Amino acid sequence: MSTVLEVEHLTKEFQRDDVATVALRDFSLSIEEGTLVTILGRSGCGKSTMLNLLSGLSKPTSGRVLHRGSPHSGPTPDIGYLTQTDTLMPWRSVQRNVEMPMEIAGTGKAEREAKARELIATVGLADFADSYPRELSGGMRRRASLARMLANGAETILMDEPFGALDAQLRSELQRELARLWSATGHTIVFVTHDIEEALLLGDRVVVLGPLGTVLLDQEIDLDRPRDPDEAKVDPRFVELHATLASALKKGARP
Amino acid sequence: MSTVLEVEHLTKEFQRDDVATVALRDFSLSIEEGTLVTILGRSGCGKSTMLNLLSGLSKPTSGRVLHRGSPHSGPTPDIGYLTQTDTLMPWRSVQRNVEMPMEIAGTGKAEREAKARELIATVGLADFADSYPRELSGGMRRRASLARMLANGAETILMDEPFGALDAQLRSELQRELARLWSATGHTIVFVTHDIEEALLLGDRVVVLGPLGTVLLDQEIDLDRPRDPDEAKVDPRFVELHATLASALKKGARP
Amino acid sequence: MTTGSVSDTHAHNGLSTSGPVKETRRRSWWHRNRRTTLVWGLRAGVVLVFLLLWQLAGRVAVNPMFVSSPVSVWEQLRDWILDGTLSTHTWITIQEVVLGYVIGAVTGALAGFVLASVRLTYDVFEPMMMALYSIPKVALAPLFIVWFGIGIDMKVILAAVSVFFLVFLNTAAGVRDVDRGLIDAVRLMGGSNKDITLKVVLPASMSGLITGLKVSIPYALIGAVIGELVASNRGLGYLINDSAAQFNTAGVFAAVVVLTALAMVLNTLVGALASRANRWKPLDAE
Amino acid sequence: MTTGSVSDTHAHNGLSTSGPVKETRRRSWWHRNRRTTLVWGLRAGVVLVFLLLWQLAGRVAVNPMFVSSPVSVWEQLRDWILDGTLSTHTWITIQEVVLGYVIGAVTGALAGFVLASVRLTYDVFEPMMMALYSIPKVALAPLFIVWFGIGIDMKVILAAVSVFFLVFLNTAAGVRDVDRGLIDAVRLMGGSNKDITLKVVLPASMSGLITGLKVSIPYALIGAVIGELVASNRGLGYLINDSAAQFNTAGVFAAVVVLTALAMVLNTLVGALASRANRWKPLDAE
Amino acid sequence: GDAAESEPGVLNVGQISDSVAFFPLYVAEQEGYFADEGVELGERPRLGTGAKLAAALTSGSIDVGAGVLTDAFNLAESNPETQVTGSLVTDYYVDIVTASDFDGPAADAPLEERVRALEGKNIGITGPGSGTEALIVYLFEQVGLDAKTDATLVNLGAVPSSAIGALSEGQVDALAFFQPTGQMAEAEGVGDIYVSPQRGDIPDLTDPLHGALFSTSGVIEQKGEEIEAFNRAVDRALEFIQTDPEASAELLSTYLDGTDPEAVEALNEILPQEFATSSQVSESAFDTAVDFHLESQLIDEAPDYDSLVWSQVQE
């Protein structure tokens, strides 16, 4: 298995005036091709900063980020990234937002319309294809963003709390959909979440981050797939892993 | 116990061109003084729309919203509202954002600075008082908004998924803090969440909304307080209520 | 208001959803257009009041020669319309203004998009632009004549340079305010600089661009008219000059009225563009 | 770059947190100012190249009378500085420009804030403003003289009206683009209209206001100078007029150079205001 | 800007304004003299100032400029090719007009008293370097005053209505302005003609060349024939004004359409003596003008009749 993304001794600082905020320090991580890695971490520990670096959107202060062996020269359509904040174009309807990556890739009109319609239906927004983002609820906007990211067709996908604003049922439906997509395509997925259960249900591997990007735990998840939420939760291995992750997370908090 | 907020046969539509999107239809609800009501509902079912109406920010298409017996004439500082989307002033530091409601209320400089500092520490942002919103992580922005809302000092509080973007530990700490605040002050709180556990841990009463604001379930929560998450979850009554709510939520989905 | 039938809102696929319903609700003509009607009504009212006051002012003014009156202005306009003077001169001014406006707006917008994206160039050249534009063009009229002659070119250039600057600075300001998140989103889709400009920066900076287009309308007209005054041989500027020289204040005002009418036509066109571009924005009244 | 000591980042209270550390990292003078230095260096370079080309142009021009040269302009300036002409006339123009600019900017910004919040008034009056501003003020010079006299007032008014319009329209556009969510937030805090204007609309529409302030600088200067061209015996406009009448192109350019220097000073002041107001914005380079 | 050169046979004639001085051009146009003489007129811009007239000549936008001699002198200083190609007015057609409430010696008092009465006043002129300024400078000089310090000269631009407005509103006490501003002010009752060279108030300024046509030797080389034909048409117009006062009066009232009929009437009476009798430039009129320009400091060096005036129109 080859390494798709590799972070080596990376430091990321944000400087304003004479103060530097160090978000990540000497952070290293590698993501193997075809794995679904979930990332857990406290609020403000640097998860989004890390994804920004992995996607090529921001540059490390020191250290390197390698994508398939070569340093990032900027964002690439080979990596899809669902950011934590909304970036739907407010002047485009949902349909046209989802078509956008295909427009840029040069896909024909008929094909991208059909594909967009399909993706919009997948995230349950078929009735809202013609709505503008401001006419959607928070969860609906999130789903529209998800559809747009999937329209990119990238083989490596970064997702920052994609399902946080959704109700339990929708979330598990989308989790199932994501797991299905992943096993069908062999994509590489890095998935940031706050929800330990979600991390366990989805991940091959869970990485728990502490302050400044210290890796508190890097755990293979050896649960059988498909993982049905209701069944998994009573599986003793699941319960055990849940406890391990929860205690690792607790360690992450400074006294 | 008197009724603080009352919604009577309310309909809310959004019209664009010749199409009206009906978000709530013939919706009725009343919130008693001093209760902590949690609202559950699927994504897009009208929860945020309802809070907008309760807060006085938007006007019903038909029907009435009463606040302490008289129809809403607009937003009032007597009702604090933590909206689903961020509304921190990007040009103010966290400190000055949290001071803002007190500035408007005419609180003296020294007092509001001290109070703001305290609230900022409560939400764990003491080190970031001088940061601008764009320099915060998603969860940190959410907490800053929470601190600002608390600075309002309103007796009626509306919260739209306040803890959705936070990690489990932070969330339970803030839940505990909120429960403490509520029992100490006797405030009235309406709390929208996607998390059934959260709804149960916090609420006196859980309202489950279906499409168009149909009330699918209106359930008193007769669990003892204080409710420790770890203990509560194994309480059979908790498990029973969890199942009731989950099944009510499922009913909300159209086939 | 008529209520149509409830449309079919079952989820089409996969997910179970729980959302609002959409209904056809056809509004009456009056309901849709009452605001426009009100606005136009008020405008007409204000204009009427203004004309009335003007007519009265002529009666009480110390020196009516410098006030004229709506009636005499109208008579002058009628005469000019009948003898063809107005159409000839107006047509010439229209050509100059439209050419100058389009040239200035297109180059200004392009320069705004390009320079504002390259921050360094912008910072270096912005104060120089500013300096260049602070030169009172009328004062340099002799140089303009030497450089550009007295033909239509000179007037078009004068109109275009004023427009260029205003559109340029407004567009650049708009461009520099564009949400980085949206630009990043396009970069993540593999968008080229062209994609970023066309699909994000252009729509996002529309408000700045449109402000630029609006504020420059008067200066397009003024530029052309100043050109006509500099070497006055035809156009509305010539009419103004000629009337002023003949103590014909009504003539001056008549030409000015035509100019303002031109401005309003251009403004309406830009306004139509603006409302097309702003369709996605929430309406004020909610 | 020097690395300071790691500051204390323990949570001060209540919550356990997990965040970044803040470090004092003092940057060298060069590191902090290299961009500014670069920009000024490039500006100086561009100006130098321009001067060189100008000097050369004088050599090859058909009629050097209309080209002059940096050297003769400098000689003229030196003469004017030495005999006090420059300071007298410049001081007068500065007074007119500054007064006109301040009056126009303040009233324009106020009108922008007030009218743009009341949508209906704005819609009714905007096209009329537009029409009013399309009137070429130079063409109406005779009337201006009668209405406002030939004193400093007239020039201040001419400067102020141009500024007013540009600041007004830009502010209004900025105001109408303010995020409703932020306004609602203040309304929820019980904020009055004044609070909304001062605490949200003003900072949020800063970009529009500043664009208005910027684009109007040249027009403040032009307004005052045109006033001086029309009726005056002092000011830089008079100097231009006087030099032009004497075919003293170097004199015309010398006065223009002083004008552009004035423009750049005003621009720098507005730029300083802008960078103060924009401190919260992310820097381009990240 | 070389439209003129590209169109042979067409003559572009720029003039300062539509003031009385250029009435002969109007007459020639209306009476068809240009057509008769085979002159095809192209661009006819009104350029407002001498500087712009010069610029238009330099850029080739016009072939002939109709202005005042001052403009020709100024142009000659920087462009040795300048040629005066004809005379239009041989009287100094600028008057000093005082406001009707002007407090000073009567208009028939000795010249020196009248000039002294202008000391310290605000006097409106068209602009710096113009013939209107020159007249004030000259008169002040005559009585030992300096116009720059002993009066305030206000540039009002070349539009007579501004001047009348400024006078009637009391913003200036007096005007030095070209005709028919004075006649107009009298007709409106806002002012009186106080000093008038044309009336003979200034003995040293009798019959100077004032309104003139000028061009450059380069243009003359290419379009000499057209300019000659143009001058022939102007000659006929000048003759028409001298010989047919009634028809001329009628044309004048259409030329000065908006002007008060009373003022037009007054002008009519003085026109025949004011205009040159032909486009030939007389040496004495030229020299009178040169003296005046030297004394009023408009020029430093006396231009030479033989080199500045086109040989075709020299006496």
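Should a chain be cited, it is by its letter among A, B, C, D and E, assigned in written order, with residues numbered from 1 in that chain.
Just so it is clear, a residue touches a chain if its C-beta (ideal position, glycine included) is under 8 Å from a C-beta of that chain, and two chains touch if they have at least 3 such contacts.
Chain labels with UniProt names: A, B = Nitrate ABC transporter ATP-binding protein; C, D = ABC transporter permease.
Computed from a predicted model, the values in this text were never measured in an experiment.
The chains that touch both subunit A and subunit D are B, C. Across all inter-chain contacts, the pair with the most C-beta pairs is C-D. The distance from the centre of subunit A to the centre of subunit C, each centre being the mean of the chain's C-alpha atoms, comes to 46 Å. As a whole-number value, the distance joining the C-alpha centres of subunit B and subunit E reads 84 Å. Averaged C-alpha coordinates give centres for subunit C and subunit E that are 42 Å from one another. In subunit A, the residues that reach two or more other chains under the touch definition are 14, 21, 41-44, 85, 140, 169-170, 253.
Taken residue by residue, subunit C touches two or more other chains at 9, 11, 16-17, 19, 22, 63, 66, 142-143, 146-147, 229, 241, 244, 249, 282, whereas all remaining positions touch fewer. Shown for subunit E are the residues that touch two or more other chains, namely 49, 51, 54-55, 58, 159, 161-162, 165, 169.
A list of each chain pair in contact follows: A-B, A-C, A-D, B-C, B-D, C-D, C-E, D-E. Those residues of subunit A whose C-beta lies close enough to touch subunit B in the complex are 14, 16, 21, 40-44, 47-49, 84-85, 131, 135-140, 143, 160-161, 164-171, 194-196, 246, 249-250, 253. On the subunit A side of its complex with subunit C, the touching residues are 55, 57, 74-77, 79-81, 83, 85-87, 89-92, 100-101, 103-105, 118, 121-128, 132, 134, 140, 152, 169-170, 173-174, 177.
Contact residues of subunit E toward subunit D in the complex are 49-51, 54-55, 58, 74-75, 77-79, 127-130, 152-157, 159, 161-162, 165-166, 169, 171-172. Residue ranges of subunit D in contact with subunit B, taken from their complex: 9, 11-17, 19, 22, 179, 181-182, 184-191, 195, 199-200, 203-204, 206, 277, 280-282. Subunit A meets subunit D in the complex at residues 13-15, 18-23, 41-46, 58, 210-212, 252-255.
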